[in-house]
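Sharing a structure, written as structure tokens. Questions coming.
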Amino acid sequence: MIKVGIIGSTGYAGNEIVRLLTGHPEAEIAWLSSKSFAGEKYQGIYRNYYKLLDMPCTAEGIAELADTVDVIFTATPQGYLSGILNEELLEKCRFIDLSADYRIKDVKTYEKWYKIGHQSPELIAEAVYGLTEVNREDIKHARILANPGCYTTCSILTALPLVKAGIIDPDTLIVNALSGVSGAGRGAKIANLFCEVNESAKAYGVATHRHTPEIEEQLGYAAGRTVTISFTPHLVPMNRGILATETASLKGSHTMEEIRSVYEEFYGKEYFIRILPEGQCPETRFTEGSNFVDIGFQIDERTNRIVMMGALDNLVKGAAGQAVQNMNVMFGFEETDGLRIIPMVP
Amino acid sequence: MIKVGIIGSTGYAGNEIVRLLTGHPEAEIAWLSSKSFAGEKYQGIYRNYYKLLDMPCTAEGIAELADTVDVIFTATPQGYLSGILNEELLEKCRFIDLSADYRIKDVKTYEKWYKIGHQSPELIAEAVYGLTEVNREDIKHARILANPGCYTTCSILTALPLVKAGIIDPDTLIVNALSGVSGAGRGAKIANLFCEVNESAKAYGVATHRHTPEIEEQLGYAAGRTVTISFTPHLVPMNRGILATETASLKGSHTMEEIRSVYEEFYGKEYFIRILPEGQCPETRFTEGSNFVDIGFQIDERTNRIVMMGALDNLVKGAAGQAVQNMNVMFGFEETDGLRIIPMVP
Amino acid sequence: MIKVGIIGSTGYAGNEIVRLLTGHPEAEIAWLSSKSFAGEKYQGIYRNYYKLLDMPCTAEGIAELADTVDVIFTATPQGYLSGILNEELLEKCRFIDLSADYRIKDVKTYEKWYKIGHQSPELIAEAVYGLTEVNREDIKHARILANPGCYTTCSILTALPLVKAGIIDPDTLIVNALSGVSGAGRGAKIANLFCEVNESAKAYGVATHRHTPEIEEQLGYAAGRTVTISFTPHLVPMNRGILATETASLKGSHTMEEIRSVYEEFYGKEYFIRILPEGQCPETRFTEGSNFVDIGFQIDERTNRIVMMGALDNLVKGAAGQAVQNMNVMFGFEETDGLRIIPMVP
Amino acid sequence: MIKVGIIGSTGYAGNEIVRLLTGHPEAEIAWLSSKSFAGEKYQGIYRNYYKLLDMPCTAEGIAELADTVDVIFTATPQGYLSGILNEELLEKCRFIDLSADYRIKDVKTYEKWYKIGHQSPELIAEAVYGLTEVNREDIKHARILANPGCYTTCSILTALPLVKAGIIDPDTLIVNALSGVSGAGRGAKIANLFCEVNESAKAYGVATHRHTPEIEEQLGYAAGRTVTISFTPHLVPMNRGILATETASLKGSHTMEEIRSVYEEFYGKEYFIRILPEGQCPETRFTEGSNFVDIGFQIDERTNRIVMMGALDNLVKGAAGQAVQNMNVMFGFEETDGLRIIPMVP
């Protein structure tokens, strides 16, 4: 039984880590940290935990907190972990960071897209990008685990096998993604009020969204060269879910069966990735509450393009679930521990 | 490990039984029956089970099906189970009926409110009403378990302790309840289309809703006399949830502390019933996906009335969850087996 | 053509006044005032007005603003108008106040429920309560029009004819009302974020909601005596709409036809009030965007109670629409000017 | 004052024509036809019209009906109008068809994508495609007006100026579009139930959606050559709205200002098309209930692609509103008659 601490525990991603760990057979929560709600009972903020989790939010310093646990999850704004992390802390415990601080290897790219300076660039190199299905071996020994973003997890996993197999031209890749509103966080902003979001759809961050370089970097490793893509995120009125619709030109001619076999070879043994039967398009609801990624695809013979589609729950596989999956790998637990959850429909 | 069959497995309640049993340590699904989808794979209808449950829907006769299992759940329309149940079947296995067929002891009351004849009235007497927290002892030995309705579970559990303690006058009880749309079932009706339900609220079945006599019968047992109440159900645009707001006149003068102690005495040891701290009103979201009932209350000194409020997930404690809870009691398992689920927020 | 100013124009009610006045044949907007968005273009805040309304938000003082218009709408927090209104301003223009400042005649009742002191109690007496269908004659000459609240408009109009006719006992009246989220305003609060409200229902303000004394006062006038009721408001996940479900004991025995004739006599000539055919329950969607109130009712013979139901759009008949209707009466326009809007479905 | 008949009046598009015509100064509804609801009062089906429209649904034959009106709107399934239309009918009145029967000039293309035979191919040539802003002159004299689809109106209007100006390469055009659920119609299908659609997003009809050839044909006229595009529609949980996000490669290098001037030149005088200020992305809510199309765009310098975005209300500019706009042009009315509606927010 390992001990776990969560910094930023009262945001939606932090809360989802709490939900998943509460049912985990090998990990227990030692403390929950929150700047905004320090001193308040966690079950008073998220009343779903009433009578189930009797723990206050702490605001103690990280140096003391780190002494008491084996791993810390940071579900914090960009710049938080990179501003405090150092060798001393890393000797105390391991870190799973849900922010973008250690996801991008090139610090200049990070600073350009995030518009903040990086305070511990010397640690970026050793951080492991936590796309579990892709980097499982490296994750085992990671001290700093850079947990991928929600859009990126969905976008990368959906396209990566075909990029790696050289079946699509990555520079023709157009990713349009839809996100539920929990992806916007729990901050008190007018833009995220019910009446501003409900009954509407919009694109945002066009040509400037910060998940773009993260997708490009990972697909670049698969392609063996620099990749430049178009990424357009959208907000749609639902609590949870990411749907990525990705269109790319096929290199040469391919059948549906060939494409399927590439996916199956890549993901065939993966518990959390489900390649849907032909003709089925993924729907976010069929992944809700779970760590699954559902992937479908369709060749468009008229244009010799392929449309790849991926769906996941942004708070689970897109954040907390993948973080727990990575924790499982890091500590040698069953990878599915705490994550064998049936998606809830409706 | 017991074997379980589900008739009517492709409705929302049936599907929720499947979800809960898939994670149950002591029960396994032997077959899934469906009239509408016979022969189809269950995971093709509810794609959340893709790669998780490889089982077709059967339409075999109940006589043969009953031979293979220890218990059958019937999530079927009114009149189905009462039309086929007999001693021969009851010797083969036990039945947990999610319809209203055996809930009401007085067959005339049943026939009047449901407007159908009852085909096996001789079996009503032995059926046990499955409000687990109230009838636990009788449930242990039930052959026919009449699983309560969603509105009724919420309405009864919220008011019962105060009725039993003689603190409220049950004949002054006005129950207004809100339901999510899954309570209307999965039938293809215009009235339940997204665009007919979304962005609207309405009352329906005013003075005629079939759950009324069920509430009255159970509260009547608690009061020790016949009880007549007002019950008005409403449909609101959400997938899941029942919220019952119940107003009644207090007999004499009572403090909030007194009321609390009555509730605590009645439910203090119950895992699935949570009496909220003073000043908190239950919200359906804090029970979503779980078997919990959250209860709050407020005395209105100006009118010497009390407002009691109960919230639950209509598909879990209001249907499938309570059915599994009853199964646990009937077979001597831990009552919370398969049901220790943290409500999912958001 | 009269000139109109709106203070608090960037809240949801203020914005709805703008929408309605933009299509009004006899009134034109002279200025829009906003504390939070002073200097910004209105069409930059509410982009639905892009290319349709080219006007900045002003933050000028009310003394100067009042010189330029015939009437000012104040869609402002409680205490704003009562804090500045005086005889000098009243000589400049007339005021239609969407706050509660002048709704309640007894200043002590106001101060008790609103927990603020009233700064101009000497003006309360002359203010006219703007329930148009009830106070039309007095409204014509009002200098201060106290526009009713959303819950109150719905609750009062639904019950008033039966209270006035002595058919129900007002002290048995239990009002349960459901509101869309726009009723909570456009302030940046966590509680009103999409993910906090969506897929959930709750009661709030139990036994303490400020609209209670307003309902009681108006029904008291109809009853000819003091009336005490129970009022429980609820929040449900939709943008717009109020649904009031009101249960009361009948005095003596009455038929559906008798009740209908009472309603028809009271409201038969009213354009904005629709008494639904027998058996129909009002649905908020059928009033959306319009100034209509839909009223239905059902006698429950078992309890000799009646369930009255009213539905309206909280931003229109519950706020801005009734305010414009009152303006029409005050200035001698057609009462339906700017308000002959077909409800929009879906 | 012209007389109008509507066939298929009880679907969502038919109902929206009724809503718009009810407020039209130059047209009045002579009859409403409905196969499913013949004999029923229209206000019993759409209760928003209660007390506003006292008219039954007729099922009379079209020959008789056509005698009594100047124009018939057909909001009917594919194949209906083409199956009955002939010269005799066309001498009686004009037709505005909301189905796809006369949209596509090449009958083989129609039959291939719609998988039905065309029964009156000889009439296709004279039919005018009713994209009002593009074909205004031809529309004036049309006897058969082929009213465009919802996805197509949005997709074409958003991209057409840049295609016509040769600024983008149309064969690189990737259209991803999101639709509200009313686009799926009012048929009683499980797939469109609230609980199947709410809280989820999905793509559908990938590489096979019937609006594809319609977009290609119209953009082909603008390009002066055959155009092949990728079109992927999505369903998102809201009542109304289409959002089209269209990505294409720029030919050569262009500035935001150059692009804007192309749009402004093309649409500058159009009332219903709003080119948004730089940096603003269209949101469907800002067009709700109105006939507006909001268009935004962003150059992505990294890829030398442009992202064009269009938003509209699928039932208004995407169906009934454009149909009324076309009627206005056909009969020489003000083009905005009955359509000067402020979008309703929230």
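So that you can tell them apart, the chains are marked A, B, C and D in the order they are listed, and the count of residues begins at 1 in each.
In the analysis below, contacts are C-beta pairs under 8 Å (C-beta built on N, C-alpha and C of every residue); 3 or more make two chains touch, one makes a residue touch a chain.
Computed from a predicted structure; not experimentally measured.
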{"item": "Remotest chain, chain B as reference, centres from CA atoms", "value": "D"}
{"item": "C-D or B-C, whichever has more C-beta pairs in contact", "value": "B-C"}
{"item": "Where chain B and chain C are represented by their mean Cα positions, the distance between them in whole Å", "value": "38"}
{"item": "Centroid spacing, where centroids are CA-atom means, of chain A and chain C in whole angstrom", "value": "46"}
{"item": "For chain C paired with chain D, centre-to-centre distance based on mean C-alpha positions, whole Å", "value": "37"}
{"item": "Shared interface positions of chain D, touching two or more other chains", "value": "12, 182, 195-196, 198-199, 237-240, 283, 285-286, 288, 346"}
{"item": "Contact set on chain B toward chain A in their complex", "value": "12, 15, 19, 22-23, 46-52, 182, 199, 239-240, 274, 276, 280, 283, 285-290, 294, 340, 342-346"}
{"item": "Residues on chain C engaged by chain B in the complex (per definition of touch)", "value": "174, 176, 178, 195-196, 198-204, 206-207, 228-230, 232, 234, 236-241, 243, 245, 247, 281-286, 288, 298-303, 305, 307, 309, 311, 346"}
{"item": "In the complex, chain B residues that touch chain D", "value": "12, 181-182, 186, 188-190, 192-199, 237-239"}
